[in-house]
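The two complexes that follow have chain A in common; it is paired with chain B in the first and with chain C in the second.
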Partner chain A sequence: MATMRRETVQAWLLVLPALLLLVAFTHWPAVATVLDSLFSTPRGSRPAHFVGLDNYAALMDDPVFWTALHNNAVYAAATIPASVILALAMALAVNTAIPGRPLLRMAYFTPTMLPMIAVANIWLFFFTPDYGLFDSIAAWFGLGRHNWLGDTATALPAMIAVAVWKEAGFFMIFYLAALQAMPPDLAEAANLEGSSRWNFFRRVTLPLLMPTTLFVLVNASINAFRLVDHVVVMTRGGPDNATTLLLYYIYETGFRFWDSSMAATLTVVLLALLGLLAWLQFGVLGKRVHYR
Partner chain B sequence: MIRRRTLLAATAASAATLAAPAIARAQAMKLSFYYPIAVGGPIPAIIDGYCKAFHAETGIEVTPVYAGNYGETLTKAVTAIKGGSGPQLAVLLAAEMHSLQDLDILASLDEIGGLEGDGKAWLGGFYPAFLANSVVDGKTWSVPFQRSTAIMYYNKTAFTEAGLDPEKFPLTWAELGAAAEKLTKRDASGRVTRWGVKMASDVGNAQWTFGAIANQAGHVLMNQAGTETYFNDPKAIEGMAYWRGLASVHHATPEGITGWPALSPDFLEGNAAIIQHTTGNLTNLRSNAKFPFGVAGLPGKTGPRTVVGGGNIYFFKQASPAERAAALKFARFLTEPARAADWSIQTGYIAVRPDAYQTPALRDYVIHYPPADVARGFLPVAVGELSTFQNQRVYQALTNNIQACLSGKLTPQQAMVNTQAEADRILKPYKRG
Partner chain C sequence: MKFATRTLEIAGAWMLGIMWVTPLLYAAWTAFHPADFATHFDLTAPLTLGNFVRAWQAAPFARYFLNTTILVTIILVAQFLLCTPAAFAFARMEFPGRDILFGVVLLQLMVMPDVLLVGNYRTMAQLGLVDTILAIALPYLGSAFGIFLLRQTFRSVPQELDDAARLEGCTLMRRIWRVYVPLARPTYIAYGLVSVSYHWNNFLWPLVITNSVTTRPLTVGLSVFASTDQGIDWSIITAATLMTSAPLLLAFLLFQRQFVQSFMRAGIR
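What follows is the complex of A and B.
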């Protein structure tokens, strides 16, 4: 009996350091955020008071929140498949024996090494109307000027292009690693059987890449909600909220408008959304992934 | 014996090191000073120089922290203060007075002793237009420093080329529209190679441009208490229609949004014949323009009108009484007539006090370079900047609707009615009585 109790104490002591860190930096902030979202924002003369779900009701009435949610949905729906497919294509390309392969691999990977702020500044020049890179190229073909970042129709696609350019190289590395780990005898066997290259890709390569794809998908989804640095640098959510993403709106609400309760409320919504996504990916997609 | 002596020496030494910081603290006061950079040019070097001179004169060490543009500096200062540290003083937008007060982080000049002794006379020596965003509830909350008005810079070569008189800048909206149309140049394919006029409509600047336009229509956008706004007034709508018309009617400015950071390069590259910018950009443009350019007041509906802008020095209440006194001393040091004159000459910002223009240095400078004195002439027709409680939120609402209007998604009428509705919602908790 005494031994068992001592073992229990020992076990808890062993878990304690990790537990403390987890609670302090992960669980407590999450709980505090939920609590904060139930109170009003303290301002000067008026301290915070309990308001129940009022903040959530106010959020439902906030048109900018819905715009941000819509923008984020479009952003995710475009960046996730585009960056994953591009990454797979690039990995397949640099996995074959072609001259200058190391150089090509490096070129594909370069955007990943650059900080997002630097990337945004480079693209800011690309998108400059009249004398920027894209408009200079367009001018050769006699095309007119584009206010890429200043037009509500093109601003969000411009943000998506930057994100895909930045992310694809990173995901390529994972695909490349998976492709390199694939035993060559599979390809040889398929050759003997007279299988076409497309058939081999669809029946053998792709299924074997599924664990990697799941991992990449999870990362791409998180990034779709997490990567907003370029929005800060390039558009600040404008024009007319065309590029306001959820996380950027949280930042604005929290650190520009100093409405900490509303920012907490938004954070809870984002948290719930990410939780739902993770559950979908691991619960539904995860079951269909075949690990060796 | 040796051991004991070493021990004694060591004890004495450690006692000395322990005591040293306390003594140093008492002697050398250190202040942190957040500073926003809104235009190109060597402004950090100038401010560094002032801090050094102040240190030499008083032994007080002021460390400037260049924290980005106005919006970013505000965010960083407030975040740092809420986190328990942060600057003792900062230059922030003059228009943030109501919001900062609402955050309860400011110490007014009345509290820190700024009005004692000759303080009242010192404060009375500033241009009234620059104090417009400083006083509320009978208390003074900030000291004008990095102040400007919106003015127009125009390319004289382009004026001559378009058959306009380079010495006569348009005075009314109609004249500006017509001139801008002539200044817009297209190549054979119809692509614009030079725009007639460009004004900033991006986040952080659209509200400033619009503040000037509202004044040009003879309209004030808010009450002095910062609790009410008047966007749905016919005059405000008229102003919005004029701005939109520069693109939709005159085709003399780009459709959609024009960013502030691109204005100076556009002007210097010859891509824009006229830009609306701050006086603080004068020295920068003067040293980089490869063509003769002019400086003029903004045209109004019937005659020139403009808006003041820029930053004031704020004092924060988490500073100790001694630090507050030192911060006040520094503010007075920066706004001495001779230094205000030097600042104006080096940057183009308007010296905040009339007596600075009595100093030989500035008097001679404006005689030799008259454009430097243009903006001062428009101070009598300038209004204070849009300033309300929840300032950034009202700015955002206004900016979104301006951008929607400039992109052709909303009519000027709709844009202003929407802005008013949103501003009413934001300011509801602040309505008194």
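What follows is the complex of A and C.
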């Protein structure tokens, strides 16, 4: 009994330092954010006072919030499948004996090592009207100049392109790891049975890659709500809020308009979305794929 | 027929590869040539390092490099020191509340400090830490990812080795340090590389919490430089951009295999 108690104390002591920091900067701010969303923003001599759900009501009436939500939905719906499918294609490509394989793998993976902020600078240059790469290419085809980031129709797709370019190579790595861990006799057996490559891919490879796909999907989904560095640099949410994503709007509300209560309210919405995502992952999808 | 599809596949893979490196090559072209050649390609264009020199002189990049280095070092050392004992306890000890605590830890995998800007800013303000390097690092020190990764590794350490060390009278700390840490070396390397590249590149939280030259990391310094100081002198901006990414990029190109394997290891949960 005494030894058990001692082990318990020891274990708690080992866990405690990390746990305290973790709770202090993840769980506590999450809880504090929910509380803050129920109070008004303190301004000058007027301290914060309890306002109930008023902030949420204000949020419902805020057209920019709905735009941000809509943009984020489009952004997620485009970046997640695009980067996952490209990642799989890349992994399949460099998993075969393709000429120049190391070079190709490096080409795919390199954007992962760059800061998003550097990526944004490079692409900003790309999208520059007249002399950026996109307009140069368009000029070859006889098309006129286009202000890619200044046009509400092309600004969000431009953000999506940047995110996919940055992410796909990162996800490729995980597919590559899974492909390399696959027993080679599976392919040999399929070959003997005369199964077509497409059939083999659809019936064997893809199901075996399901855990990886789930893992990559979860990461891609989190990133769709977390990665807004390029928006800060490239468009600042514009033009006319066409590229305002949820986290960017939180940043703008909290640290450019200094409205901490509304920023907290927005954060609660984001946390709810992430919670939904977690529930989908572990509750629904987790049961359907063989995992771990 | 089979040959034709294969050729098509190879062509497709290479097209994609070229699309993926073009932005970088374009940036490199602009950075290494005089401004007149920034957007027109001429193989006889003279090479120059002038853009880098001008960028270096135009903003306190030396200080930014120092800040980022300090930041990354603090985070790495603290994460190792904090995650190792926690991971060991979760992997090899029985104690009441273990599974609940581990669940609490894992929550952070979904809700990362990155999205909790408002709450963490207020905590830093209360602690009087706004605009310090420590404030950039603090939210990331207790890392669920690190604890999880090390726990998985520690669980695969043969129990006999641990028992042998215990029989020799090793204390708990000594057992962790002598048996578990050395055997988990590949995981430490993997986690270290992932952590360093993540925090070298991190942007939004440092942007929010810092507002002076002495604390700004490279990413924030670069964004300030690109948005205010230079107007649209692309030669200098791309030079600065490549300069800030260079250490990681060079390390990656030199130790490509290690990097790729580390990212793989860190991803297999």
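The criterion applied here is as follows: the second predicted complex is superposed on the first by the 271 of 292 C-alpha atoms of A that agree within 3 Å, B and C clash if a C-alpha of one lies under 4 Å from a C-alpha of the other, contacts with A are read in each partner's own complex, and residues count from 1 in each chain.
Keep in mind that, in the parts below, contacts are C-beta pairs under 8 Å (C-beta built on N, C-alpha and C of every residue); 3 or more make two chains touch, one makes a residue touch a chain.
None of the values given here were measured: they were computed from a predicted structure.
Peer 1: Between chain B and chain C, whom does A:A24 touch in the aligned arrangement: first, second, both, or neither?
Peer 2: After superposition on chain A, A:A24 lies in contact with chain C alone.
Peer 1: Using the touch definition from the top, say if A:M90 reaches chain B (first), chain C (second), both or neither.
Peer 2: Only chain C; A:M90 stays clear of chain B.
Peer 1: With both complexes superposed on chain A, which partner does A:W258 reach: first (chain B), second (chain C), both or neither?
Peer 2: In the superposition, A:W258 touches chain B alone.
Peer 1: In the superposed arrangement, does chain B or chain C reach more residues of chain A?
Peer 2: Greater contact footprint in residues on chain A: C.
Peer 1: For A:R145, select first, second, both or neither according to whether it touches chain B, chain C, the two together, or no partner.
Peer 2: Only chain B is touched by A:R145; chain C is not.
Peer 1: Look at A:P129 in the shared chain and tell me whether it touches chain B only, chain C only, both, or neither; answer first, second, both or neither.
Peer 2: Only chain B; A:P129 stays clear of chain C.
Peer 1: Just to be sure I read the superposition right, which of the two partners does A:G237 touch: chain B = first, chain C = second, or both, or neither?
Peer 2: The answer is first: A:G237 touches chain B but not chain C.
Peer 1: With the two structures laid over each other on chain A, which partner does A:A76 touch: chain B (first), chain C (second), both, or neither?
Peer 2: neither
Peer 1: So which bits of chain A does chain B touch that chain C touches too?
Peer 2: Residues 128, 131, 255, which sit in both footprints.
Peer 1: State the interface residues of chain A toward chain B in the complex, per the touch definition above.
Peer 2: Counting only chain A, the residues touching chain B are 43-45, 64, 128-131, 139, 142, 144-145, 147, 149-152, 235-241, 252, 255-259.
Peer 1: How about chain B: which of its residues touch chain A in the complex?
Peer 2: That would be residues 71, 74-75, 78-79, 99, 101-104, 189-193, 201-204, 254-259, 262, 269, 271, 390, 392-393, 396, 399-401, 403-404, 406-407, 409 of chain B.
Peer 1: For a test of understanding, state which residues of chain C touch chain A in their complex under the given definition.
Peer 2: Going by the criterion above, the answer is residues 9-10, 12-14, 16-18, 20-24, 26-27, 30, 38-39, 82-83, 85-86, 88-90, 93-96, 98, 101, 104-105, 107-108, 110-123, 138-144, 147, 172, 197, 200-201, 203-204, 207-208, 218-219, 222-223, 226-227, 232, 234, 237-238, 241-242, 244-245, 248-249, 252-253, 256, 259-260, 263-264, 267-269.
Peer 1: Considering the complex alone, what residue numbers of chain A touch chain C?
Peer 2: 7-8, 10-12, 14-15, 17-30, 32-33, 36, 86, 89-90, 93-94, 98-100, 102-119, 121-123, 125-126, 128, 131-133, 136, 165, 169-170, 173-174, 176-177, 215, 222, 225-226, 228-229, 232-233, 247, 250-251, 254-255, 260, 263-264, 267, 270-271, 274-275, 277-278, 281, 292
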